[in-house]
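To keep things clear, I will list the structure first and then write my remarks on it.
Chain lettering (A, B and C) follows the sequence in which the chains are written, and residue indices restart at 1 in each chain.
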Amino acid sequence: MSASAHEFLRSAAEKSADLTHRQIIRKGIDQYNTSAERGRSRFADWEAARQRCHEIKWEAENNLDRYLLEFEQKVKDRGGHVFWAENSEQARQYIADLATQRGVTKIVKSKSMVTEEIHLTPALEKLGIKVVETDLGEYIVQLREETPYHIVTPAMHLTRTQIRELFKDKLGDVDTDDPPQLVAAARRSLRREFFSAEMGISGANFLVADAGMIALTTNEGNARLCTSLPSIHVVLAGIEKIIPRLSDLATLWPVLATTGTGQPITCYSTLAGGPRWKGEVDGPEEFHVILLDNGRTEILADKNEREILHCLRCGACINACPVFRTVGGHTYGTTYMGPIGSVLTPHLRGLNEFQHLSYASSLCGACADVCPVKIDLPRHLLHNRRDAAHQGSRPFVERIGFHIWRWGMQSPARFRFFGWMARTGARLAHSLGLTGTFLDPARAWTKNHAPPPVPEKTFRELWGKQNGAR
Amino acid sequence: MVPEVGLDLVRVLRRIGYDLDFPAEQTCCGQPAFNTGYWDDTRPVAERFVHIFRSAELVVCPSGSCTSMVREFYPELLADTPLADDAAELGHRVFEFSEFLLKVAKVTDVGASFPHRVVVHDSCHGLRELHLKQEPRELLRHVKGLELVEMPYSEDCCGFGGTFSVKFGAISAAMGDAKAGYAESSGAEYITATDPSCLMHIDGILRRRNSKVRTIHLTGILAQSAGSGGRDSASRLAESRR
Amino acid sequence: MAPAENPARERILEKIRTALREPAPRHPSLEGRRIFAPVEGPLDRFQKECAANITECTVTPDLQESAHFIAGALAQLPPGEIFIQDSPMLRRLAPAWQNGREIRWSSEGAPHEASQATITQAEALVALTGSVLVSSSCGGRGATVVAPVHIVVATLDQLVPDLEAVFARLREREIHMRNSYVCLITGSSRTADIEKILVMGAHGPVRLLVVLSRDSN
């Protein structure tokens, strides 16, 4: 078992027993569910909306080179720069070099999971640059020196009391747990940063090929300030974020808002295309878009896994997942959590180290039901499991066990024999008082369950008796 | 482990006029190995299943998860084998029990009687792959004396998930515990579902909690008929083991 | 960037081309199904959606009345500079707002951090969502986000039914070709990052006012 798997199990056990934590998450998810349900009902045909989004992303990913090249050209026509990064290191280096060359001392960042993926902030801080998260949830976890708990609502695991303590400690001039006052305190503290930073970094919800613009879906206004006030705007985005046309946003914007937060559309659906033009009042002098591969082309290469790249990063699957609801976002220990994280991480960071995430699911299918682009997430979890087994990285006992299982299942006599062994073993363990103890062969089950009653006769025996042996 | 489920299924189908056979050569649909990623080990077992049921007009199964294994996953598993088409075709002939009653037999009243308060847990495979939500409830609404109640989060997974329950026992138990709590809060005497594996998991947790709620498979309820003292032999069999 | 400076570019493109030799499976199309119900009565719908997303929408008979209404709104704000998009229409209406207020025009530069309010026009209004489409031509990027109060002076002929229509308008008028920045604004800024409780007024404006004149003259 990998080190990550060990840590996952440890944390999962801890969080599964933490009823307070589970209650906080349950409450947050319930609120989301109410909003999302209301949101879906605003569509005349929600299934048609999902299908359209699937089609848009299918077209984008299956013609990826064409649309990326079109996007690149249009960005350049607008006076922007495009840099292609194969991996985290190249992306970090580009941004670090740019910041150093321009004498940047402070950077304001809007929320971007891909910047977490490449661990950008520590690299910039090492150069002595101050990096300020401006999305409120990200700002809060940054002050707590934690990673985001959820890709859309990074601080959903915290109560207002905890945030009060945090702000009292880190901001000094505030001592309240009233949410509007906490938000006002964050606004005051961050406003200075927006107006004094030399560089703003954002992600992109979409890269629009036919316009050479990036699209940002936000509510707070922090991304707008990050992309309007500093003199350099840097965008980091995975290559899969491309969409063919501006008009595709007529469906993608409301769908993303609905599954992300339950809104008809978010407050600010922004299109940023280039530095300020001659004659414009304000805006950055420079615009840089970094297109990141970092394992995405590998996923693209397998036509049966390619749809994983359709993901809009809306978080709906995470909210629907009963495993997430039980263990929370930090247990996963990865940038992307929940169902999409469990599917994606083994691809991006290695099946050997992270296959346990694809196994940590009961395959209930709630995620596939809610995915706005119709990704069959459970099937991809099964594919990862299949690949792990093929690779030979599964535990030896398990491999032998299923070889024996196969042998047993190919003959009714062996099948009956296995059944008899299980029943006899269970009865024996029970009569010797071993059930639930260290010596109980079924301890993995009896640890958490009262032992099941063992039937005297099997179905076959009873059927045979009723209907005469065949 | 739960022979009464099979016997009760047989009882109900015979009562509504169906003639049944149980091919004794059958063993398993292969889901445990498939779900754990051992597709190569699963394939011969699945091929065997396809052969055995090749000549059956209709196949009924008391488990939503096994039914969905055949219908949803056999085509992909057997895609590059000579049985690819047979596997796809079999999917049209295999039915989960409540699905069979409502969509094939087209009956909602099987002459059952079960004067108790019952809550339904929506087993995942049945709900999401076979789209069974109303079917079990329709059948239960026609059971004499039965009071159907609902519980919050009836669609939440119970946490069994096959080897998940053993590999990730703490998470599985927490999910089952939550489900048990909701069942208790509904005031039901019995919790039922279309999947025996869900019920085995929930049952182990309910009894560990010394809960008053008992589990019973859908077939167990529908097999009960008035005039047999409210207890038919299959369920009496289950009771006597406790 | 020149190829020599970004060798990864060709490698990534090559990987993509190789990867795409086979198309991925796709779900069968759902032909002819409408995603949104057609908007009946755009003005009513716009007002209803504004109420839902907490945009203060006021409908006036003409622009003079709009100017008068805005003067009233400004009078309620604390003293301080007002930033206005420098356009012929707003220059014409501005006298109504000069009452002891410092006015900074967008031609003078970006709004100051301490502006009390900004006044801009819009590119379009969308009935389906109660939204306002702005661009960098509307006084710049900061004009529509920096101050605590944002006032939009609009006319009824700018109202379109839904998002398909607003993108059609964008394309027809080449709004995205003439601007480096476009934003569809729906309500004033907000956040639910604390216990999922909705709080109005995060980093953008706390109040968004749309003053909509029936007459465009």
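The rule is short, and it goes like this: a contact is a pair of C-beta atoms (placed from the backbone, for glycine too) under 8 Å apart; a residue touches a chain by one contact, two chains touch by 3 or more.
Bear in mind the structure is a predicted one, so any value in this text is a computation, not a measurement.
Among all pairs of chains, A-C has the largest number of C-beta pairs in contact. Each chain's centre was taken as the mean of its CA atoms, and the one lying most distant from subunit B is C.
Compare each chain's C-alpha centroid with the centroid of every protein C-alpha atom shown, and the nearest one belongs to A. Between the Cα centres of subunit B and subunit C there is a gap of 54 Å. Annotation: 32 Å between the Cα-based centres of subunit A and subunit B. Measuring from the averaged C-alpha position of subunit A to that of subunit C gives a distance of 30 Å. Residue ranges of subunit B in contact with subunit A, taken from their complex: 1-7, 10, 22, 24-28, 30, 32-42, 44-45, 48, 73, 76, 124-125, 127-129, 155-157, 159-176, 178, 200-201, 203-205, 207-208, 237-238, 241-242. Against subunit A, the residues of subunit C that register as touching in their complex are 1, 6, 8-9, 11-13, 15-20, 22-27, 29-30, 33-37, 49, 52-53, 106-107, 109-110, 113, 128-129, 131, 136-137, 139-143, 145-146, 162-164, 166-168, 170-171, 176, 179-197, 199-205. Residues 27-28, 31-32, 43-45, 47-49, 51-52, 54-55, 58, 61-65, 68-69, 78, 81-86, 90, 134-137, 140, 153-156, 158-160, 163, 179-180, 182-184, 186-187, 190-191, 194-195, 211, 213, 219-222, 224-225, 227-229, 239, 246-247, 249-251, 253-254, 261, 264-277, 280-283, 291, 293, 297, 300-301, 303-304, 306-307, 374 of subunit A are the ones touching subunit C in the complex. Note for the complex: subunit A touches subunit B at residues 9, 12-13, 16-17, 22, 322-323, 326-327, 359-366, 368-369, 379, 382, 384-390, 394, 398-399, 402-403, 405-406, 408-412, 415, 422-423, 444-445, 447-464, 466-467, 470.
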